[in-house]
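First, the structure itself, so that you have it in front of you.
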Amino acid sequence: MTELSWKSVFFQLLLAAGGITIFTAGALLKNKPKHLLFGLATGTVLCAAIAAFLIDGGRAPFFQMLDVGDYARFFNVLFAMAALFALLFSHRHAGLRRVAGDEFYGLMILAVLGMSLVAGATQWLVFFLGFELLSLSFYILIAMRRDAPSGIEAALKYLIMGMVSSGFLAFGIAMFYAATGTLDMPVGLTATKSTGSATGMLLSLGLILTAAGFKISLVPFHLWTPDVYQGAPTPVTALLTAGSKIAVFAGLLRILILSSNWLWERSAPVLWMLAAATLLIGSVTALAQTRVKRLLAYSSVAQMGYAVMGALSVRADGGLAVIFYFTAYALMDLGAFGVIATLCASPESDLDALDSYRGLGYSHPWQAALLSICLLSLAGLPPTAGFIGKFMVFKAVLQAGYFVLAMIGIASAILSLYVYLKVIVVMFMKPNTVTAVTSGFGTAARLALAMILCGVLWAGVFPSPLQTLISRAIAAISI
Amino acid sequence: MTVFNIIFYIAAAIVVGATGLAITRKQVVHAVCYLVISFMGTAVLFYILGAPLLAALEVIIYAGGIMVLFLFVVMMVKDTPPSIDKPSRVKRWLPAMILAGTSALISGLLVFADPGNRLRPPIVTGTPQEFGNILFKDYWFPVEIASLLLLAALIGAHYLGRRADHPEDTP
Amino acid sequence: MKPVLFLLLSFPLLGALLVSLIGRHLSRRAVETIACTAVAASFILALTAFLLSGQKAYSLTLARWFAAGSFQVGLDLYYDPLAAVMALMVTFVSSLVHLYSVGYMRYDNGYIRYFCFLNLFVFAMLVIVTAGNLVFLYLGWETVGLCSYALIGFWYEKPEAANAGAKAFVVTRLGDVAFGIAIAICWVTLGHLSVSGIHDSAAGIDASRAGIIGCFLFLAAIGKSAQLPLSVWLPDAMAGPTPVSALIHAATMVTAGVYLLMRFFPVIQASMPLMAVIACVGILTICFGALGALIQKDIKRILAYSTISQVGYMFLALGAGDVAGSLFHLIAHAFFKSLLFLGAGCIIQALHEEQDIFRMGGGLRQKMPQLFWLFLAGTAALGAFPLTAGFFSKDRILLAVFLQPQAGYKLLWVIASMAAMITPLYAFRLFIIVFFGKSQSPSGPAKASPTSVPDVMTRVLWPLAFFSVFLGFLNLPLNWAGKEWLAQYLAAVPGSAMELHASSKMESAMQLGSALLTIIMVIVACIYYGTRVESVETGTETLLSKMQALFRNGFYLDRLYQTRITAPYRAAAGLLWQKVDAGWLDAGLNQSARSFLTLAETLRLWTTGRVSRYVSMMVAGFALILCSLTLAWWYLLI
Amino acid sequence: MNTSPLLGTIVFLPLFGALAALLYWHNERTCRLLALTVMLADLVLVLFLFTLTPHFREPAGGNWLRVEDFSWMDALGIRFTLALDGISLMLILLTTVIGALTVLISWNEIKEHVAAFHFFLLAMMTGVLGVFLAMDVFLFYLFWELQSIPMFFLIGIWGHERRIYAAVKFALFTISGSLVMFLALLGLHLLHARQSGETTFALHQLIQTSFNLPLELTFFAAFALAFAIKIPMFPLHTWLPDAHTEAPTAGSVILAGLLLKTGVYALLRFAFPLFPHAAQLFTPLLLILGLTGIFYAGWIALAQTDLKRLVAYSSISHMGLIIVGIAVWNLTTLSGSLLQMINHGITTSALFILIGMLDERLHTRRLSDLGGLWKTLPVWSGFFLFFSLASIGLPGLNNFVGEMLILIGTFTRQPWAAAAGFIGLLLTVVYVMRMLRESIWGEARISPGIADLTGRELTILIPLTVGALWLGLHPGPALELFGTALTVPDLVKGLPILTP
Amino acid sequence: MTIPFTHMLFLAILLFVMGAACAMTRKNLFLILIGVEVMLNAAGIAFVAAAMRWLDMNGQIMVLFVMTAAAAEIAVALALIICFQRQSGSTNADRLSLLKG
């Protein structure tokens, strides 16, 4: 490609610019003006979202490295929105926790940039760099509260795991390169069509799956998830679950879609096993949790299992189901963590112990109601986005002929239903031991939660528009 | 059996040996020193595998930069209790060894099973010129990203390195 | 005809509704008036219908009830001589009982409930009598059960009354199950449920089918008519008010079973073995009842046992194929038994609820002479004293049994005649001890002078007494230059056309014989019970006392059911609930659910919080992925 | 096919009412009145539907009295299709009536979180109505799930001592069952799509699907499982006694009066027509389970000490008879079962209502604390006696007709089953007699001076009484509606065609 | 001149698993980091070897970026370790045990 179409990467440019501006603003202006930074950040992601929504970069990848087509655009909008919600949650939260500095906002934006790179990369180098940028920003975001031991601990755990995983990724890419001689995803993945036994590809696939599996916390790479979710500031958790997971999964999905049948046949069993293990272990372990964030962490592990189910059936329906599921999942989890972000036991600490949620339904009806709706949606009950998502995933997986997996999925759904009901029971049905809950939405969080609620219900009742968007997105990469 | 081969195998042996020592030391400082040796060996390998520039960078960045940084920090942190840990406990090493062994074996098998890997590539040196050309002609976009990456790292390191009770943070 | 029958049914129902809905807003007098008029009106209508109908049979439909597919049921009526006679009897007796109740219940506050259910009962009984199809008949059948339940338990605060009501309902319901099955079989085999239709097609069906249907009908009848082995509820049912015992548990409801069999006699007739069975059950019940009545102390229980025994005669008659005889005895029995009950009611009230005949202090003859004569009439009729109604009706039955060709019936005849000797014994035992006996009550002297009862209570007894003495002329045997009017009248009713072609010589011989026997037994009774003082409790375990105990407790049948059926059933229910449902099924499910929680607790330990563990798990996962990839590759390679 | 969304209105009116009730959270009285008016309005709409019945009697062209079909998620082959026939008509009538009554019942009983209570109450009404009207299988499933969630809250928030246990148990049972059905439903959808090439969830199209037997059996089993849990059928019934005992009166009434019915209805409307051959193979099992249920529950009911629990077990037993009717599958039994659904709805609801009223007065439901109630509460006892007699199938009252039809119809196919059923009725008599003996008869144990039924309570009970008498004495019209609906070929494709 | 490509890959794999083993077993945070460095280094070797095998420059360039990323991560990691050490006074990874279960 000869001339560069700048506007095709306008999204990324905007984010980079925004990030740098915020840093500089934070560096130059004394006594960091929180609201200015917040405004800058939200403005950036909002504009970015709009840009990604409006500007069509065309099919040709930018620099043969970065997909700027509908597929990437869809996810970019998703990430930008997720970041927007996370920022809105953090407005009051970050203020209370005294982390609302330029680093917080700027790194959030850089994280979004990393996501968009991971999701859009058509070339391994970009994928790797995006992966690194993403992880790096999150290491710091998780550790934002330097005074809180749990935050640092979570960050260190995530960091160590993340570095090992990036080691795996790097080595995986190396193997890929060694096997195919190219760093270009489509070329490399389709190359193996011809050569009968590109076993090197299997090795690299294994390595890359490990790295990705860590990021999207599949069993047995999920162990960090509860710790980090619990330790991180809640808005960061929200972005972590709704952003980075989806980004990595989008990249993985691209790989699966592009990979040759030879590779697919050999990798499907692995995915099957991962899905089954994730579904069962995730939902079972959640049963015993007594802290809401950990509980949600395990439940999100189980949710990833459904995502992998959808990914397995990508050959049957082109990934429509899984992407829809992800969108729904992002909404629900953002909602759930958003509500939690508005609840504090004390200005310093989150409301985390399940028992401290007793009688929340009556002391804070709105939060409780929102949380319940998000939980019911996670449980896959109508009329919510989660229900349609589950519906599509199960349909797809049956279409692909994985009956046993579908059964496992149902079993896991029943188990996790109990988990979500447990929270609802505590909020509405346990005798009200009133906890000193000094919490409330700020305007920002209220706005965000309202939007999310609408989204959850709207996608649950009228999913068609979303589906058309998604089908256009997957039409852009299916080869 | 040319001199190149000999150098390659010797260097490889050195690298493996040094690494092996590095990962088994009690004292962090010793580990770092052995690691420096292994990086030197890696540099040699890079050189004979036709990547002179990378060889140089390996010495400069890894051995020169990162490891020194390591040492600084290790010095700076006073470890209580001093960061000595006893690596030689079987119950801790055995599972790791088994896992590592199996994965190594299977990976080796997979690599070996690929006929494409059997051939013996000729040596061609990638000169710094063409390296630079390609880097800044085709790869300036990743370079930009890398710069952002470093920026983020910088900010983060600075933020985390500061004492928590920094006046700026308390609103 | 239709309006008449419609009104005949609707008057008592209307009465019941009025009383129950607005009764609490009316004066007591008004309520009593409504109830009595309703029944009296239906008696008049029954009379009109009887006169209008002649000997024809009418089957007509009041309304459609329900229909699904081919199964259709209407509120049909079937009115023929049999129904006519029954209707007359029922309405007559019940109107008298209503009048009597006005006096009897004069102090009771539950009078609204009482009259409501009494009216409802009359309605239901008339439904049974005139129903044109089985389902509609079943409606009446169940409703009389309900009324009897409610009226037995009328004094619900007395535990024995409440229990007796429930017991009666459940036991009779046992029979009703059979009724339901009978309906179903009829539907499946005959294809319709109307009485007339069944009469028509009865001839067509083979004996075995008819036997099955008849058998279930017979079971139903057993339940209602307190025949063996379901007789246990009737003695307890005496816990209810005495008029109720008179109407429901003597005159009408208990004979409904007999009426059911008469109604469908063509079906019964079709299978000979069934007839035999009916006869045998009848004869057993006769003896059972007679022996029971012989030894009781409680006046009402004596009458109850005698009822069982008398109804047994009716079954025996049916078993012998003599519908007319059975009906004859039914009506006679209705009159004299209700007479006796109502009389007993007077005595009981006069003596302040004293029911033990040995503590009535005797000598009531002087104190209530009017009642003495009335009671004597009833007793004579019950005891089949010559020329009373009982005499003729019982004779006819014995004759019919004797005339049956099969040898077995001769045996039955012998037993029946012997049982017929016991009847006057217990009848006059009761009479003599109540009216002549001296006070043998251990608890001091007898009651002070009995309070007088309202005149209405004694007045209504006269017509009953009249009929129980002279009803015999309704069906005078041929050798008495009688026309056997009842038999003639019933000739139209299918199945009841039975000719007792007996030589008048033999007939008169039998009458003479039984008359003599009766008189002898009466004399025996007078001597035995008039002189001898019966010890109230028998200390020594002589054989006699054992026998007495046996009879007094109705052959321990009741206790048998209690210990062998009721108690185990209740216990099993408890076990089934605690052990099986809660203890096994529910607990099992909960346990399996809880096992997941324990599993979760163990899985928690996996997340140790040690980062090195996490890394190792990561590598382990990598190794696993690699293995499976290699295996897949290997598998697809070979 | 008419497009004025009358049925849609009927279904969603309660939901709007529910949301509106939330707006008045601060004013309890308004909430109650609002809920009441909404349900009454719904009732009026349903009654208006009856005016359409005449030209329903001869189904011209379409077999439905009314069909409303709107495009919804066409990409997934899901349409918003509601259709009405005689069966649905009677059932939504029952639903709206009971819905209105439940509001009245809770007038004094529910004192806290009134708005939320009515929100869930009305939301559930929408669910139930939807289940009875939906003809798109996906839509049906949606409503099916929708009705169980509010119930969970009703039991869990406003229930008695062990309410949480009961609520969670209820939710887990019902929802796990329906999830299994969900899978089968998708399988059916995909199979049909593969065969006909069109993606649809419309019932009348899915009926055309042809299976190999094992698959059909699996699907039927999955569907039947969900429905059997809701009904509840014998081994899966354990959630019901707890749910009934712990639920508030309104909850018990809705549970017994409506939710249980949805199970039977779904069995009749979906499971049997969709998988006819499997259904016929399963018939013996259903028969046996139904009969077992009759005896098992009827027997256990005798041992109960808590009135509500007793009635709960009795309703398991009654549902067993209904299952028998469905399993035998001929016109008589089906009409009987449908009628019996309505009857059971009336009778059992009435009993629960009465027990609730008693509980409000005496704060106990233990039989051992009661006795001689006729002395203190004659009117209450009168009604209690009346409905108890109705529930033992006294001729002239509603249950008799249903039971008679079921048993007679069963006798033509399965004499022994029918005989067993008749005997089962005897068990009913036994425990009902005990119940009456220990509650309204016997010596009075409770202190006199407790007020008898109030006007509000009478207004609740009288409609039910009238209904019981009406269906007992003149069930003709209802049976006619059922008959016409049942003889529609669509319903029974592949099954023995029912001919009048 | 001829060195079998497989040998180079074997070497890389060997180093990689050594690094992994180190990260798995060591408790000291610095030593864990060292393990990770070794892993990345192994990746580098593999890249260079592959670049030579395909006569293609991209591999070598990739190595440069891997080094960059490694440097960046190490910087942040060390900063975090310092934080942690300030709080808990230790660099022992097993002290990271607030969050578990």
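For this structure, a couple of remarks:
Each chain gets a letter, A, B, C, D and E, in the order it is written, and its residues are counted from 1.
As a working rule, a residue touches a chain if its C-beta (ideal position, glycine included) is under 8 Å from a C-beta of that chain, and two chains touch if they have at least 3 such contacts.
Quick caveat: nothing in here was measured; it's all calculated off a predicted structure.
Listed here as common contacts of subunit B and subunit C: A, E. With centres computed from Cα atoms alone, the innermost chain of the structure is D.
In this assembly, the chain whose C-alpha centre lies farthest from subunit D is B.
Of all chains, the one whose CA centroid is most distant from that of subunit C is B.
Across every pairing of chains, the maximum count of C-beta contacts belongs to B-E. Subunit A and subunit E have Cα centroids lying 26 Å from one another.
A straight line joining the Cα centres of subunit D and subunit E is 65 Å long.
Subunit C and subunit D have Cα centroids separated by 38 Å.
Measuring from the averaged C-alpha position of subunit B to that of subunit D gives a distance of 70 Å. Across the assembly, subunit C contributes 604, 607, 609, 611, 615-616, 619-620, 622, 626, 629-630, 633 as residues in contact with two or more other chains. Shown for subunit B are the residues that touch two or more other chains, namely 95-96, 99-100, 103, 107, 110-111, 117, 139, 142, 146, 149, 152-153, 156, 159-160, 164.
Among all residues of subunit E, those that touch two or more other chains are 5, 9, 16, 19-20, 23-27, 32-33, 35, 49, 51, 53-54, 58, 61, 65, 69, 72-73, 76, 80-81, 83, 93, 96, 98-101. By the definition of touch given earlier, these chain pairs are in contact: A-B, A-C, A-D, A-E, B-C, B-E, C-D, C-E. Interface residues of subunit E facing subunit A in the complex, by the touch rule stated above, are 5, 9, 12, 16, 19-20, 23, 29, 32-33, 35-36, 39-40, 42-43, 46-47, 49-51, 53-54, 56, 58-59, 61-62, 65-66, 69, 72-73, 76-77, 80-81, 83-84, 87-88, 93, 96, 98-101.
Interface of subunit D with subunit C (complex): residues 172, 235, 238, 296, 299-304, 330-332, 335-336, 372, 374-375, 389, 394-396, 401, 404-405, 407-409, 411-412, 415, 418-419, 422-423, 425-426, 429-430, 433-434, 436-437, 440-444, 473-476, 479, 482-483, 498-500. Per the touch definition, subunit A reaches subunit C in the complex via residues 156-157, 160-161, 164-165, 168, 197, 199, 202-203, 205-207, 209-210, 213-214, 219-221, 223-224, 226-227, 265-270, 273-274, 281, 284-289, 415. By the touch criterion given at the top, residues 64-71, 73, 135, 138-139, 141-143, 146, 153, 156-157, 159, 162-163, 165-166, 169-170, 173-174, 177, 180-181, 183-185, 187-188, 569-570, 572-574, 576-578, 581, 585-586, 589, 593 of subunit C touch subunit D in their complex. Residue ranges on subunit A touching subunit D, taken from their complex, read 362, 376, 381-383, 387, 391-392, 394-395, 398-399, 406-407, 410, 413-414, 417-418, 421-422, 425, 428-430, 462-464, 467-468.
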